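Read through the structure below, which is laid out as structure tokens, and then see the notes.
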Amino acid sequence: MPDTRVTVWNEFVHEQESETVAEIYPDGIHGAIADALEERGFDTETATLQEPEHGLTEDVLAETDVLTWWGHTAHDEVDDAVAERVVEAVRDGMGLLVLHSAHFSKVFKRLMGTSCSLKWREAAERERLWVIEPSHPIADGIDDCIELDEAEMYGERFDIPQPETLVFNSWFEGGEVFRSGCTYRRGSGRIFYFRPGHETYPVYHNEEIRNVLANAVEWAAPSDDRATSSGGNTDPREDIDTSDERTVH
Amino acid sequence: MPDTRVTVWNEFVHEQESETVAEIYPDGIHGAIADALEERGFDTETATLQEPEHGLTEDVLAETDVLTWWGHTAHDEVDDAVAERVVEAVRDGMGLLVLHSAHFSKVFKRLMGTSCSLKWREAAERERLWVIEPSHPIADGIDDCIELDEAEMYGERFDIPQPETLVFNSWFEGGEVFRSGCTYRRGSGRIFYFRPGHETYPVYHNEEIRNVLANAVEWAAPSDDRATSSGGNTDPREDIDTSDERTVH
Amino acid sequence: MPDTRVTVWNEFVHEQESETVAEIYPDGIHGAIADALEERGFDTETATLQEPEHGLTEDVLAETDVLTWWGHTAHDEVDDAVAERVVEAVRDGMGLLVLHSAHFSKVFKRLMGTSCSLKWREAAERERLWVIEPSHPIADGIDDCIELDEAEMYGERFDIPQPETLVFNSWFEGGEVFRSGCTYRRGSGRIFYFRPGHETYPVYHNEEIRNVLANAVEWAAPSDDRATSSGGNTDPREDIDTSDERTVH
Amino acid sequence: MPDTRVTVWNEFVHEQESETVAEIYPDGIHGAIADALEERGFDTETATLQEPEHGLTEDVLAETDVLTWWGHTAHDEVDDAVAERVVEAVRDGMGLLVLHSAHFSKVFKRLMGTSCSLKWREAAERERLWVIEPSHPIADGIDDCIELDEAEMYGERFDIPQPETLVFNSWFEGGEVFRSGCTYRRGSGRIFYFRPGHETYPVYHNEEIRNVLANAVEWAAPSDDRATSSGGNTDPREDIDTSDERTVH
């Protein structure tokens, strides 16, 4: 799908406050992610917290097929109306990639209905993301697992609804496991939660991670002629028998 | 589980405004439901919209194992703080039965993360709830299906997340189908959405429906020694190798 | 995926024994299905029960991305070794469409692990396939539902494992419902069960049904670079502590 | 459910051939498991490969609510007819616990429809079974996780159908993860696959593991009045319009 339009959203705070982070992501985390998606040929734009309406106006969302979301330290600064607008866009069919610490974003929590809490630890430990469903398109091109030398740990229990498909399952050096690649549908939209990505590790420069991000965009993009359904008060499609003694017909 | 404590919640508006409804449910819809659950031996209380804090104080929820929720015309009058309190209680393990038009309640929408919209029609038509999972305890005692002579129609697409288990699937005289018995987990709590129950039809006097309600309470009740998990910053359970060149450990 | 190679398999018995069926499907049911898939641009071949090895040699399966299977009256005549070969090919990644009465085929029953029994009735009654997941690619291009004027009835309980995704849910004039579009994964292969298609009704000439068949082939086709996983005895990827008193390391 | 009748099946080969195993399980693996289930108050019998019909006659199965299955080195010696009898009993509602290396048993493979292959290693390494669904009754009484000092490793990809509920997720010292507690339904029967249990480690003497085994029996036991559904040719429950030009009604 070369015409898929992606908006890469980033709160863009750590990169402006920490030299360590700025060195790893000189163009921001959004820059690194956008670069990975452009390589696959998607029509990619970025948006950040600091822009008016966080760069996520009605117009921008109307022209976005898939939105990727990275946030960590500034979840509360995301305007409620913008968060709700994103949630509505997903329900209307926009794809959504929720990355790493965005598990605690307003957008993800509203779409899941759970606390989205988890265990965590920052100790530069090894992570290994095992492929659970090799036939899922998001895992295309990956062998048994992806190894990351340095990762923040996220551990179970991850308080999420049971995923529709568990694509990746992570092992951590310190002794925990984590459901690190989870698909959902909400309304007409497809959602992929993908765990890797702390700001102090160069995870989004890893080729396998970039491959998964691009696979996930492809999977989450709505098709041009997707099924349409309508709600509300509806006329019957069959005759309803009114010859009987049942009440008001 | 004879000691299961149930709180039956009802907005209790139609019964006070419409003679037709009052005749069908002289003790309120909550009265009929509570009666069904007492028959099974549960320790049952009721609460309504009109009470202070809608009868759902912290104390009441703390002593409730399973809450049943019926609402239709007054969803907006439910205080946001009380709705959130109920949502939190579910995540902490309280069971929840969401009945009929409560598909549009604040509580259900927050727990699902979707619009929960559907097609509907009020035409006193026939409904038939087919059992999809005969081995699920909520279907205990039911044969192939439950027939209701008069029902409001709810039709697909019902905008909900894919249920963990689809227990009942409804046929309607006018030509529609509906996933009418759906289980979910959110946090540590179990949720059952059950479709039947319009205020102008005596559905909650039907013995099979009452049987399902009691089965569902039994299924949704938390066990006394359910698993406990903690979140937050966590010490490793294994040694993390710090002899290498990886960054800050 | 213009290069997707499809093999359309048909037991091809009714068409040679019944004039009624031969009039509806002059080129066989496989001819009608193959025609629908060629229209979408797939590289399509057919195979039938009567051919040596039922036309499903190792070579044919090795060059098949997606196999469609129609059978009804001759399930027992399918050689066990061929059925097992097909099952293995699916586990290795070949897509499979199981059509209508093929619910009782050896192939489907082995892949499901259940009896696959159902209720049925031949009464030229109306069927309406409601879309349950509008965001699923198999439903692309369909509105609320597909209406078929004449269909054999299949009714619940359909004894299958819970589908990974329920895409269509059928209503029947005589009072039943049926999960008529179900996805599964087995091994590395994707499976779609699709209900419509009795030999005495011209269902496979219906444009919407043909559209769904082509969508399903697209969905079920394995990607060229799908993930690979290996089983068997495995060396550790981490050091296992052998300095302790635990038994044989 | 104090009246639940359990049959504990064991191939009972290692214990008779290896002194090491006989020391760990002097009464056989079946003896240890039966002991754990009797402690919970179930009416427990045992059966082994060496008995006529492997101790699993029609009569025995007819009086069994839940069967537990342990096998490893002698899967092929299980008679096909007995395996099929067990499969049929599960479909008719008998609960089934599939333990450890029984992932490769005839019974489990037939019920799953997949190869059930996995990675493995015998290195007395540490395993940690993390609770994924704290509200599932099988996890009752467990905290964050169960730790086992010595375990055989089983690693992903475990080639199984996606579980209905993933209850436990294992971490291994050598770097792998594994879905170690998985629920399924087949027909009217409930199945729980539970990973722990190698013959050279005293896993079935561990109190937490014994607790999970008893929880699982309780969960898998069929209820006395479970829903009944019938298949086959069926009369319509509604009038089918025959006044039109549709074909044979």
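Order of writing sets the labels: A, B, C and D. Residues in every chain begin at 1.
Convention: a residue touches a chain if its C-beta (ideal position, glycine included) is under 8 Å from a C-beta of that chain, and two chains touch if they have at least 3 such contacts.
Composition by chain, UniProt nomenclature: A, B, C, D = Trehalose utilization protein.
Note that this is a predicted model, so its numbers are computed, not measured.
Trainee: Based on CA centres, what chain would you say lies at the far end from subunit B?
Mentor: C
Trainee: Pick out whichever of the two, B-C or A-C, is joined by more C-beta pairs in contact.
Mentor: A-C
Trainee: Sharing over half of the contact pairs with A-D by residue number is what counts; pick that pair out of C-D, B-D or B-C.
Mentor: The chain pair with the recurring interface is B-C.
Trainee: So how far apart, in whole Å, are subunit A and subunit C when each is placed at the average of its C-alpha atoms?
Mentor: 31
Trainee: Measuring centre to centre with CA averages, how many angstrom lie between subunit A and subunit B?
Mentor: Here the centre of subunit B sits 29 Å away from the centre of subunit A.
Trainee: Just the number, please: Cα centre separation of subunit B and subunit C in whole Å.
Mentor: Going by mean C-alpha positions, subunit B sits 35 Å from subunit C.
Trainee: Mind pulling the residue numbers of subunit C that touch at least two other chains?
Mentor: 126, 128, 131, 133-134, 144, 155-157, 162, 164-165, 173, 175-176, 185, 187, 229-230, 237-238
Trainee: Can you tell me which positions in subunit D touch subunit C when the two form their complex?
Mentor: Going through subunit D, the ones touching subunit C are 87, 91, 110-115, 117-126, 149-150, 153, 155-157, 159, 161-162, 164, 173-176, 184-187, 200-201, 229-238, 240-241, 246-249.
Trainee: Which of the residues in subunit D come into contact with subunit A in the complex?
Mentor: Against subunit A, subunit D makes touches at 128, 130-134, 144, 155-157, 162, 165-166, 169-172, 175-177, 179.
Trainee: Quick one: which bits of subunit B touch subunit D in the complex? Just the residue numbers, please.
Mentor: 93, 126, 128, 131, 133-137, 139-144, 147, 164-165, 173, 185, 187-190, 222-223, 225-230, 237-238
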